[in-house]
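Structure record follows, encoded as structure tokens.
Chain nomenclature is as follows: A, B and C, assigned in order of appearance, with residue numbering initiated at 1 for each chain independently.
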């Protein structure tokens, strides 16, 4: 049986290699003009409605990019922020962005400035709308709640990595009567967002948001590549489940022991299991 | 029926006041009853700690602070108590600055309590490595060279000079790693500390995070789990403290009353919802008859 | 790797590593001052050189640096021998570089905080007293921390430690606990307001949630403790345990796979500079 090591083994090479291949292949074919389909995601279809509501009420929007810092999830939140600010800039609606991470603060400032400039209204950008509040989770929560209540934000968007502060934020957003849309890959916080937000984007839908909003071929291609990757994972799981079930029920089936042994050698289990 | 419909619009401050009353009752009564039923994952965690040989050390990797003290505090205390009673050496490292002081205080108070009966002493039976910055290097270092990675303990002394660290160098000398956390740090510890070195990993999360752990329990990457204060109370049952009032027992009963209260709220809310739907249908029927 | 032998690679990487160890060795006194000044000058020079690069070359440089930076970590994992890891020894320094860059950004964040709150205090806008309180708290704990470290370095005991303890354990820790405990109230009001049985799925969710909530706590276990032995599987704690270890575990695993693949794709796009959006496409 193979050992768990801190480095890649043959299973990693094969599976990760295939995943990377699918993603890159689909990106290339999308860039070559191939049409790709993406299903409707309700939370994102209502983004325009959310921006419109803030415009009608003359109140600002609030975009909370999570507390994860400069990670893949955080950068995805920045990509979403860019779309949101561009749409808000069209209607001259303010977007307040409180940050927990100083690097994310600088990125969100750049993005907001660029978005207003691209819509032809650079003078509408107010640097005070992009704020670094604190590096502490609950200090950020307290600060964001204060902003919600003082500014009476009409729309609150939560995109990024969230932990315990999610319910504090979303419940206060409810209290001020804001329309709330949340998107996070943090599975443990999804129930809290589901209970308090109008729309919630769950799990890997979060990584589809930028592709959905921009319809950029590269992003769409990457999304379709991800789906092929998931199909590969499902295939491996099904094959493994069938092999283990057959081993338990029909252990003397010809070739089964050999197949099982090699499958398990390829996907090693932790020591002691 | 009307009262149910009126309750739909109740001010949230009334609910907050009821929450205070409901939670205060067990906190004031301080019940000592521990759960008689112990879940399999708590049993496994107990077995792992209980079977650590005397020449090895257990590492408590603590990433929690004052905000989750009511859940992670009892877990830390229960584990420390078991190890001090059984004479199993352990070291605790805190990746949270505030949590470092809290875990140190827990250790010190247990030392005081158990010193007379078990001769427990800091530096001999246990050590607190203090607050360290968590990064990949530190997590790897626990398995490859513990004394160098930790360097100094909380009181400032070099860990290599302490009797508790005698013969402890790397993963060969570590019996188990316990991850006590309120954040998503399990995967990091698993990836860099335990799995590369074949170390047994126990997980002590808050209740919200425990649902994610079952997949690791199933795959064997995590050997046992203490699910928030309830898990800690079950663990205390196993170490013979089922008739003693502890923070875990009080928190467990507080959780009980809170859960029942929330279920009652949900029921009331739904009864009111159905009542208002029925009233709306009746009004609509009367209007069409007119 | 086919150009040089394993031993030749080891020799080269050992030489680089020795040079690296000399470069990053601990320094004190005037050596430290010279080292910091030198590092700042080198950094400033590098920044000036980057700014002088023609616009059309900036993006390729950023792409190359991004790729190389990610490549180190990727190779560290992908080179799968236990005996030859030329990059492992450089990883702690790599992590330190990340922390230093993050610290520069922290300064920017602090500047932003100061600007916003100073303007509020200056103009006496609504709630300016909170901004004033920010400055009081910031400088109080900063000074207390420095004084405590100075006293510790000089091995002088006294009130410095106590003042710091008052701020840290007296203010910060209880405030942190208070914020977290507010969640209990919010859960109750969210549960009362939002959990409505509007469909079959929501009814199923409600029943499951109730079973798990009751199965976890002693009060719930007492509720079904009277069930006879042959119906033990219907006891709340057993149903709750089955729900957590079977359907819940399967769903958690499925979501984790999906999220992992999504994160891989996003990471790959950023690493290979394929990410699109105004931030990533902008002129440098």
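One rule holds for everything that comes next: a residue touches a chain if its C-beta (ideal position, glycine included) is under 8 Å from a C-beta of that chain, and two chains touch if they have at least 3 such contacts.
Keep in mind that what you see is a predicted model, and the values were worked out from it rather than measured.
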Remotest chain, chain A as reference, centres from CA atoms: B
Contact-richer chain pair [A-C vs A-B]: A-C
Central chain (by mean CA position): C
Separation of chain B from chain C, taking each centre as the mean of its C-alpha atoms, in whole Å: 21
For chain A paired with chain C, centre-to-centre distance based on mean C-alpha positions, whole Å: 16
Cα-centroid distance, chain A relative to chain B, in whole angstrom: 28
Of all residues in chain C, the ones touching two or more other chains: 176, 179-180, 187, 189, 191, 193, 195, 252, 256
For chain B, residues contacting two or more additional chains: 12, 67-68, 211-212
Touching two or more other chains - residues of chain A: 5-6, 138, 164, 187
Residues of chain B defined as touching chain C within the complex: 10, 12, 15-16, 18-19, 23, 33, 35-37, 39-40, 65-69, 98, 101-102, 133, 135-137, 207, 211-212, 214-215, 217-218, 227, 230, 252-253, 255-263, 265-266, 268-270, 273
Residues of chain C defined as touching chain B within the complex: 91-92, 95, 99, 168-169, 172-174, 176-177, 179-180, 184-185, 187-189, 191-193, 195-197, 206, 210, 213-214, 216-221, 237, 241, 244-245, 248-249, 252-253, 256
Parts of chain A lying in touch with chain B, wherever the complex brings them together: 4-6, 137-138, 163-164, 175, 186-188, 269-273
Complex interface listing, chain A residues touching chain C: 5-9, 12-13, 16, 19-20, 23-24, 27, 70, 72-73, 75-76, 78-79, 82-83, 86, 99, 101-103, 105-107, 110-111, 114-115, 118, 128, 130-133, 135-136, 138, 141-142, 146, 150, 164-165, 167-168, 171, 174, 185, 187, 192, 195-196, 202-204, 206-208, 210, 214, 216, 218-219, 222-223, 225-226, 229-230, 233
In the complex, chain C residues that touch chain A: 77-82, 101-102, 105-110, 112-113, 115-116, 119, 126-127, 130, 175-176, 179-180, 182-183, 186-187, 189-191, 193-195, 252, 255-259, 261-270, 274-280, 282
